[in-house]
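Once you scroll down, you'll see the structures, which are given as structure tokens.
Both of the next two complexes hold subunit A, though its partner changes from subunit B to subunit C.
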Partner chain A sequence: MRGWRWLAPAVLVLLVVTVWPIGRAVWLSLTRSTLTGAGDQRFVGIDNYTDILSSRSWWLAVAATLAIVAVAVVLQLVLGLAFAVALRRLTVAWPVTRVLVLLPFGLLAIVSAVVWRDAVTSGFAVDWFGLDDVGPTGALVATTVGEVWRGTGITAVILLAGLLRVPTTLITSAIADGATARQRLTRVVLPAMAPAIAVATTYRALDALRILEGPLVTDAPGASVRTASFVVWDTTFSSFETGLGAAMSVVLLLLAGLLAAFLVPVLRVRRVV
Partner chain B sequence: MTPSVRSRLWASATSFALGFGVGNYGVLQVPRPDQWVWIAVAVVLMLTGAAGVLFADTSRAVSFWAILGVEVFAVFTLVPLLWTFTVATTPEGATARTLLPQDISWSAFDGAISSGTLRSAATTSLLVALVATVVAVALAVPAAYALVRLQVRARRLVYGLVVAALLMPVLALAGPFADQLVSLGAYGSRLALVVPMLVVTLPLATWLCVTVMRDVPWTLLDAVRADGATRPQQLRRFAVPHLGPGVVAAALLVFVAACNDFALGAGLAPDRPSLPLPATLLVASRQVDGSSAVAAAGLLWLLIPLIVLLVLPRRINHLLGRSYR
Partner chain C sequence: MAGVAAAAMTCAPLAACGAADKAVPYLPVITWQVGPDRVDAEALAQTCNDQAGGDYRIEVEQLPTDVSERHALLTRRLLAHDDSIDLMSLDSALTTEFAEAGFLAPIPAAQASALSEGVTPAALAAASHDGRLVVAPWFLDPQVLWSKGSTAERAGLDTTKPISWDDLVAGAQRLGVTIEIEDRDGSGLPEWVNGLVAGGGGSLVSGTGRAARAGLDSAGGREAASIVELYQGAGVGPGPTADAVTRFAGAGGGFLVAPTSAISDPALSAVQADMRVAGYPTVADASVAPLAGVGLAVPAHASDLDQQAAFTVIECLTSPTSLQALATVSQHTPSRIGLLDDPAVAGGFRSAEVARASATTGVTVPAVAAWANVVDAIDETWRPLAGVTQDATPRTSQAEVQAALDGTIR
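Up next is the complex of A and B:
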């Protein structure tokens, strides 16, 4: 048990900073309380949960979030894989591409959301593609594209690392056996890099689930599409309904857990320390 | 490995067709001056196609599919960055309407540097991120060492906890944390942000350090010990050269992630003195001429990850790629 002496401080701190607020969220979610007036907490049992689970707008927000997650992950995977293959073959350009590929990820998400929103509401995309008053939904789509743009580079880096682990001898012997390009892709390369694809999918999906900046900068009164994390934010920090917001947070955490519990066995994500 | 003639011809045809389409759309639909961007991209793509035909039947080991892919990658990455620059350099009172900057004014950059609000926000962000990173790395290095090197019971459980904390929607914790800080009376102080920030930094630091530790040649340590090196010698001759660079790269990544965190900082700080930079930018984006201020501040802030990437490009890519395995 010598190892636990090294491990204990980190695990303890991690448990304190995660389990404590989650426990507090569960407790708050059973009360009706506000952020400003801390005095008037009232225990209401599971009323907050029944409010949320029977609310149409919450389920619409969840559906919109899941749609955004699906589209963003698929786009990032396809683009990331294409870029990873290209970057791998063109080793001459590595000094430049290595920096370029991670640069969008370094830009603040809020900045990317603001400029992508401006691009479709008043900027260059209006003239380029003849857009005509896209409204809050169009702006939300644009910020989601911006999020895809930010995440594609990191996805490409993950997939490139997976691609570099495909043994060259395997590919050369496939060529020697007369495999066509398509056969090499589907029979050799993709199976060999399946773990990397699985991990990239899971991680990017859970990252897309917590997109908050785009919905925040595109929200307008009367917007028809909202995302789950935006609703949590709005309830907690704009209406200051801490109790309801905490219940939504718990549901959001459960949603993330369910998504992970679905993706991990389906994609066979396995990773040993 | 030389690609076949047929594959090169297909790559040439694709890139020529793509260039032709882009050029036509640009000439017909896109007003000047952005037309020049479209024409330039079209010319480059069509030249790639022509070069592909010329070099199709040579033994050079160059793949034209890869060249096409890298060109698309460069356009995809650079156009939004150029647009950010254009927004940032738009003169006051004007709205950027074209991708190419029309009349460049640096006033937004001047404003971002001299603005007291942004400066105090940047100080808050850097200070909180620095403290949270130092604490997290100090805890994470021994933890990662134990996870990789020592026989620990419930190792997978601990690692699962780290990954779960890493991927958790942090926003869900912002409300309870804010409530806790209010009841402690610490709502709005800079240092109160450090503890919640550990939710972001500690799992990330542990996760990256595990990758660093896995790449260390541990047999060398055994050899050094067998040769009778003292503790300080082990530290100087083994730990610093083999662990140091990886841990520094991991710490830099954690620092950048903590600087860029939005949800916690925005939720836990009510107003100016303790509001971190990303949250301040959200407030700024709602003001008149807000977009160019936000874009300018974002580009200046981008210098931090850019410097990190330029100093350790290979190590950062390696670390990120291998961590996600």
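Up next is the complex of A and C:
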């Protein structure tokens, strides 16, 4: 009982900032309501959900989002690992480089998206690569690359933390046992830094799942690729269909939960250290 | 915006104000939100300010050019009861949505009859909701066909009567000139499609509210798509574009489908004197011009004093003097169409005869609250124009427009 007294404020704050808004969103998702239709709100049960789940455009948006998540996460992991290995060897410039790799992450996502979009529509990439009109899809690809650029630094720092957990004695023992470089990487280093990889993968995947800024600044009439969070934004804040938008955001939340539920057990690697 | 106690500002030496402080005159400052129309709002506001003699002061604020951005911004600000909006130049297409949302203060009965007098039925309908005037009708421009010099004659077209789209496209192709279609704010394509469907005997949307039905998968819809296909296939222009006026003024420009006000655009100053006007091109022998305009609306959330002042401002902006300026300077077609017969206007309005006819036969966009979403649905299914076919587009667009009307996922 005494412990509850101490916990109560924290639980209350959590309820206010998390459960209440989500609860309201769930309730709103069961209604047909628009921001401009004052008297138009009515309870429709799960109609919004059946609309969404049977919509081809929704699933196309989800598929596009998952493709972006997969590409962005893999690229960030590979590049992040390369950076982490390099950073580990740095000694003199170490304090500066630690800040430098995190700089892109300090940039607002919307700023990064605008810069990368402009690079392929009117900026340097047009001249360098002789690009013609890349269209909204090409611009979306560019902003996704921008997102990879923005997230690689933070991924590198997380992976570096994991890399530093690998004791040098373990490596020297492996060398003494005659392990090749590849064997040392796959049998010693990667398993030892598995928790860091799991954190980086889950964090970056969930971050990429809600990608909005890039799709927002590259959308154009007739655009063939749209992400799920963009569709939620468009429905809620452009079409003002708040009931439908709330239902979409609940579905997106469930998708994020499913993704996490898939990634966490898959990435749970046996600890060797 | 809330009123300002002007005297408090001017009575700097306290002694000079003395006991008169109790009777500080109330000077309402009316912030007028204007869109991207061609009206010289600053000049009109100044004229009204001068006439007001200290009863009010109008300050002009510019809304975004893009129709979607303008709609989103106004909606958010009105929902938030933003008190920096006292008067709006409201797109006629938004009347229904904003009236249904309870955003608009109805026009007081004492003013309503005067504001409705002599107004065309289309303009009156575009300013009313549930039989009540909620917007002061101001101007409703029909789209017309502009041409440069003798282009039409050289193309073998008789401009004394409306020309069919088929003949127009063939004529432009023969001369190697373009047919530009103006789209100043992103509503050009939906208005074009709406006009073409109506010209083909159909209706883009019928019914109201959630019971509204899309009418694209019909003979009228297919007729509209066939004309877009013909236009695109002939390569006589890029379709509705923001720089249509500039392109028309250029060497390759031959025809311009645009509102009556287009001729007042500074980009046309070099060719203005040489421009000729004809009725909107016909689809199936019928010339149904898209009608779009602006009305003056007062937000419902404004205080009584500010509403009262805003309605007084409306009286000034709809006075014969203001409407004359609207017609002769910016070439907008006044909703009070009889004004075109006024000798003071007749000489200065370049498309009077055509505008008068089109104002009665033209078509406004459907009066549905979901129009802004229908605009998006049409943009998504009719762009790029190269992808439009009379076999597929009406059907796919029908589903999207219906989803926009129903409020379901598109």
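The rule we apply is simple: the second predicted complex is superposed on the first by the 257 of 273 C-alpha atoms of A that agree within 3 Å, B and C clash if a C-alpha of one lies under 4 Å from a C-alpha of the other, contacts with A are read in each partner's own complex, and residues count from 1 in each chain.
FYI, a residue touches a chain if its C-beta (ideal position, glycine included) is under 8 Å from a C-beta of that chain, and two chains touch if they have at least 3 such contacts.
Everything numeric in this text was worked out from a predicted model, so none of it was measured.
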Contact breadth on subunit A, by residue count: subunit C or subunit B: B
First, second, both or neither for A:Thr236, with subunit B first and subunit C second: first
Contacts of A:Tyr203 with subunit B and subunit C, given as first, second, both or neither: first
Partner chain in contact with A:Ile52 - subunit B first, subunit C second, else both or neither: second
Touching partner for A:Arg32 - first (subunit B), second (subunit C), both, neither: second
Partner chain(s) touched by A:Leu14 [first = subunit B, second = subunit C, both, neither]: first
Partner chain(s) touched by A:Val85 [first = subunit B, second = subunit C, both, neither]: first
Subunit B and subunit C footprints on subunit A, overlapping residues: 35, 38, 237
Touching residues (chain side subunit C, partner subunit A) in the complex: 68, 72, 75, 79, 97-98, 100-103, 210, 369, 372-373, 376, 379-380, 383-384, 387, 404, 407-410
Partner subunit C, residues of subunit A touching it in the complex: 32, 34-38, 40, 51-52, 55, 57-58, 221-222, 231, 235, 237-241, 243-244, 248
For the subunit B and subunit A complex, residues of the former touching the latter: 1, 7, 29-31, 34, 63, 65-70, 72-74, 76-78, 80-81, 83-84, 86-87, 95-99, 139-140, 142-143, 145-148, 150-153, 155-156, 158-159, 161-162, 164-165, 167-180, 182-183, 195-196, 198-199, 202-203, 206, 210, 256, 260, 262-263, 266-267, 277-278, 281-282, 285, 290-291, 294-295, 297-299, 301-302, 304-306, 309-310, 313-314, 316-318, 320-322, 324-325
In the complex with subunit B, residue positions of subunit A that touch it: 1-4, 6-7, 9-11, 13-15, 17-18, 20-22, 24-25, 28, 33, 35, 38, 79, 82-83, 85-90, 93, 95, 97-112, 114-116, 118-119, 122-124, 126-130, 146, 149, 152-154, 157-158, 160-162, 164-165, 171-172, 175, 181, 195-196, 199-200, 202-203, 206-207, 209-210, 212-213, 216-217, 229, 232-233, 236-237, 242, 245-246, 249-250, 252-253, 256, 260, 271-273
